[in-house]
Amino acid sequence: MAEPIIRVEGLEKHFQIRTGGLGRKMLIHAVNGVSLEIAKGETLGIVGESGCGKSTLGRTILKVLEPDAGHIWCDGTDITGFSRRQMRPWRRRMQMIFQDPYASLNPRFTVGELIAEPMAIYRTHGEAEQRERVQELLQIVGLKPDHIRRYPHEFSGGQRQRIGIARALALEPEFIVCDEPISALDVSIQAQIVSLLERIQDEKKLSYLFIAHDLTMVRHISHRIGVMYMGELVEIGPADEVCEHPVHPYTKLLMSAVPIPDPVQARLQRPQLTEGEVPSPIDLPKGCPFAPRCPHATKQCRELVPPLKDVGDRQVACFL
Amino acid sequence: MLKPEEYFDPLPPEDRDTEFIAMESRSFGRNVWDTFSKNRLALIGLICLALVVLTALIGPLLSPYPYDGMDAMARNQGSSAAHLFGTDQMGRDIFTRVLYGTRVSLMVGFASTALNLVIGVLYGGIAGYVGGRTDMIMMRIVDVIYAVPAMIYMILLMLIFGSNVYSVMLGICVNGWVNMARIVRSQVMTLKEQEFAVAAFVIGADRKRILFRHLLLNCLGPVIVTVTLMIPQAIFNEAFLSFIGIGISAPMASLGTLAQDARMLMNVYPMQMVWPVLVICIVIFSLNFIGEGLETALNPRGRRA
Amino acid sequence: MSERLLEIRNLSVSFDTAQGTVRALRDVSFHVNRGEILGLVGESGSGKSVSMLSCLGLLPANGRIDNGSILFDGQELSPVGLTGRGALRQHEAMLRSIRGNRIGMIFQDPMTYLNPVLTIGTQLTEGLTAHGTCSRQEAWQRAVEMLRKVGISEPERRMKQYPYEFSGGQRQRMIIASALACEPQLLIADEPTTALDVTVQAQILELIRRLARENGTAVIMITHDLGVVASLCDRIAVLYGGKVCETGTADEIFYETKHPYTAGLLRSVSRRAASGGKTARGTLQSIPGTPPDLLHLGSGCPFAARCGEAMKICRDYYPAETAFGGEHSAACWLWCREKAAELTEAQDRERGERHG
């Protein structure tokens, strides 16, 4: 098998918080021992509710946040301990697209300056070439070359997101973390961005880590989907399999809660409702993190954390 | 005009341009100026300040008298054609002295603010960006500097370096930058959490680039507003120092020393006091109006609506 | 007593901004029947929230109602045609007596509508006592009762807590509790679940459905999520660029789609994704382009530039609303070609009058 572009093993990221000025320190396990692989040209979708650590996972893989434990391999090289300087050649191979198209573009830069910045940093292109490349990138994402002199605030949300994509593509990366790139957009624009990302992937053979809480769209772009709950991967497998026949009780709950855009179907399939919400990650319950909300929880679930086991062509962390 | 037989032809692609942006492209500066120029008070302030600065610069050309030229025959005169603002007790032309005084005061104001700006922005920017322990130590140093009253530094500096323009400027700068540093620091702290700062990191920008090109550039608004409030503060401080007699020494004049000189004869010749004070008022009011105008113009909420 | 609880007719709303006049709503008409759930669907900037704010007299200072009527239970809520300070003040007083009392509201972000320094109890009873309908003790009792109804455990104890002690979903439940405390005839829910997780969203939608049915409250559900309206709403109105492009029952909208925008919207959420078929990658169809800039609207259909079936007439003239039996109607030239001559002439005349 070919070397995966990204391989992660036992990744952990904690945040320390203090309650009050002199309160005792507490650890939040944002990412708690996640292992995964992303093959070249593949999209791995990561879904989960807010606070499940999916964004932290994306940022830790890109080493925007330093991992507290575990290892990250990029194309076979262990980059976990790399310093800022050592990371430099790797950075251009791994890029990121952000959630908020309003906050992720520096408002004082023109679109041209924004897209050219990565090229200026790596000095990959001469001035004239840079201009040409920016216009080419604008074309790829469906914007017009004369937009180059405009400022981000003059664009709509979807257009800004496309500027963000053009910028991420500037250095021809091999791997892009898409951190909820469609959550802040309108429905018709969401589909547009997803289609654009798919098209780019087909042309450039990129790999994506696509983070989202919107399951319908994730399913469209992903080859495989991983479901996260409280910092842990509870189920990971081929996209259709995970969506159609979820195994883990949490995945089932998540899938049934997605509103179906079809009145007849919606009347037939009432969502499965559970009591309660995602618990605070500060006082993690012992055992399986989902046990308190799980309809099938046994005594064993409350005592031990279930490991990720192979079930057919996917992996599930559940004793059932 | 569309002909009825064409009504149901397919819409040609050139009419399908949804990426077209009708709004004209405007830079940040243009936007700020548009809002600013609608504020009448701020605009008047800007014009007044420009006039004062201009007169102070070309001042010497406007007046036939040297600033320290005494004329024993013409002491304490009122306004006349020869002496626009009259003369003081030593027979010096007050108009000329006010011109020179304004020059000195403005220089003190602008130069010390420039120094404060550089120190404050760098210090605050670094503290805010690096954060953690470095920030803690840097800000505690700031607290210590701020804890001692400004007057004490100024008087101490005067004792060491003598009473001249430079020690006044230095005195104002000893803790003048503290405010700026605090403002920049808190701005940078919030900005560095924003996604565009993370985006800059991800594309491989180094620390220097992120701090200067991304973070500090976005602090521009509050920094400019602070600057417009710092200049009158500095001018006022200088005037105050001179007024209590430890500022700029004769025969050099600043607006403060002119007021001080006139004070002794205030009961007899009140007009000698009025002129320098009037200029101080104009300068400070103008700068405050400009500052206020800029504040609304730079406020992003004001701009979007 | 009429069947229609709220009827909006020919409503036009605009906002004055530094860049010019934004025409947020143009000649919009729709209605809600008693006890029914209406879905108001559209993208940001389509005017869906603005229409509801105008009903309640809550438009920001730079917004104004240019034209149209808003009839709520036979009462006129639109200030159009009112002159004189006395009449306007009376109108404002009338709106105040309706807001929160006969029309309840739920907003997107519950935290902005809860005062962080007051206890939940204080805030919930405030609305009840403000309209002078009951005493303090009664109000407290009613509030406890409402909290229990929306599924918050130990309501007596939680009445004394502050908003930050509750999770996002619980806060939204509380807002629902307070909106329903006065037993309004109409509940306006402006994207109540956008800020929430899907599992919590399912709980909240179920709650709204149940309470509306129990109390016979009519609901206007503002959302951009077609999944939400499919499972919840009886009727749907689709807005685009400040115009209503299609209205009808949920089934009509989903299965007998007439307007190309609605069709595009449905395609871009892909029914197959949720209903069980295989979803190959790359099958997702999207509407190209960007929503119109409300500052620079042309005279034609606002969707023309993004529409796959657009004709030359769409660019210059606005189509008439065509009824398809029952309450299903759509505004698109595809369905009213035969009226073209008549409509273009009328629109030309109108424009001529406006320009000189």
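As written, the chains take the letters A, B and C, and residue 1 is the first residue of each chain.
Assume a residue touches a chain if its C-beta (ideal position, glycine included) is under 8 Å from a C-beta of that chain, and two chains touch if they have at least 3 such contacts.
Please read these numbers as outputs of a predicted model, since none were measured by experiment.
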Category of the chain touch graph - line, ring, star, complete, other: complete
Most distant chain from chain C by Cα centroid: B
Chain A and chain C: spacing of chain centres that average the CA atoms, whole Å: 32
Centre-of-Cα separation between chain C and chain B, whole angstrom: 49
Numbers and ranges of chain B residues touching at least 2 other chains: 19, 21, 23
Where chain A touches two or more other chains at once, by residue number: 142, 159
Multi-chain contact sites of chain C, meaning residues that touch two or more partners: 288, 290
List of chain B residues in touch with chain C within their complex: 2, 4, 6-12, 15-19, 21-23, 34-35, 303, 305
Chain C residues within the chain A interface of the complex: 43-44, 167-170, 197-203, 205-206, 224-228, 230-231, 250-251, 254-255, 264-271, 273-276, 278-279, 281-288, 290-291
Chain C - residues contacting chain B, complex: 17-19, 62, 288-290, 292-293, 295-296, 304-307, 310-317, 333, 337, 340-341, 344
Residue ranges of chain B touching chain A (in the complex, touch as defined): 19-21, 23, 25-28, 194-196, 198-206, 209, 214, 217-218, 220, 304
Sites on chain A touched by chain C in the complex: 49-50, 142, 156-159, 186-192, 194-195, 198, 202, 213, 215-217, 219-221, 223, 239-240, 243-244, 253-254, 256-267, 271, 273-274, 277-278
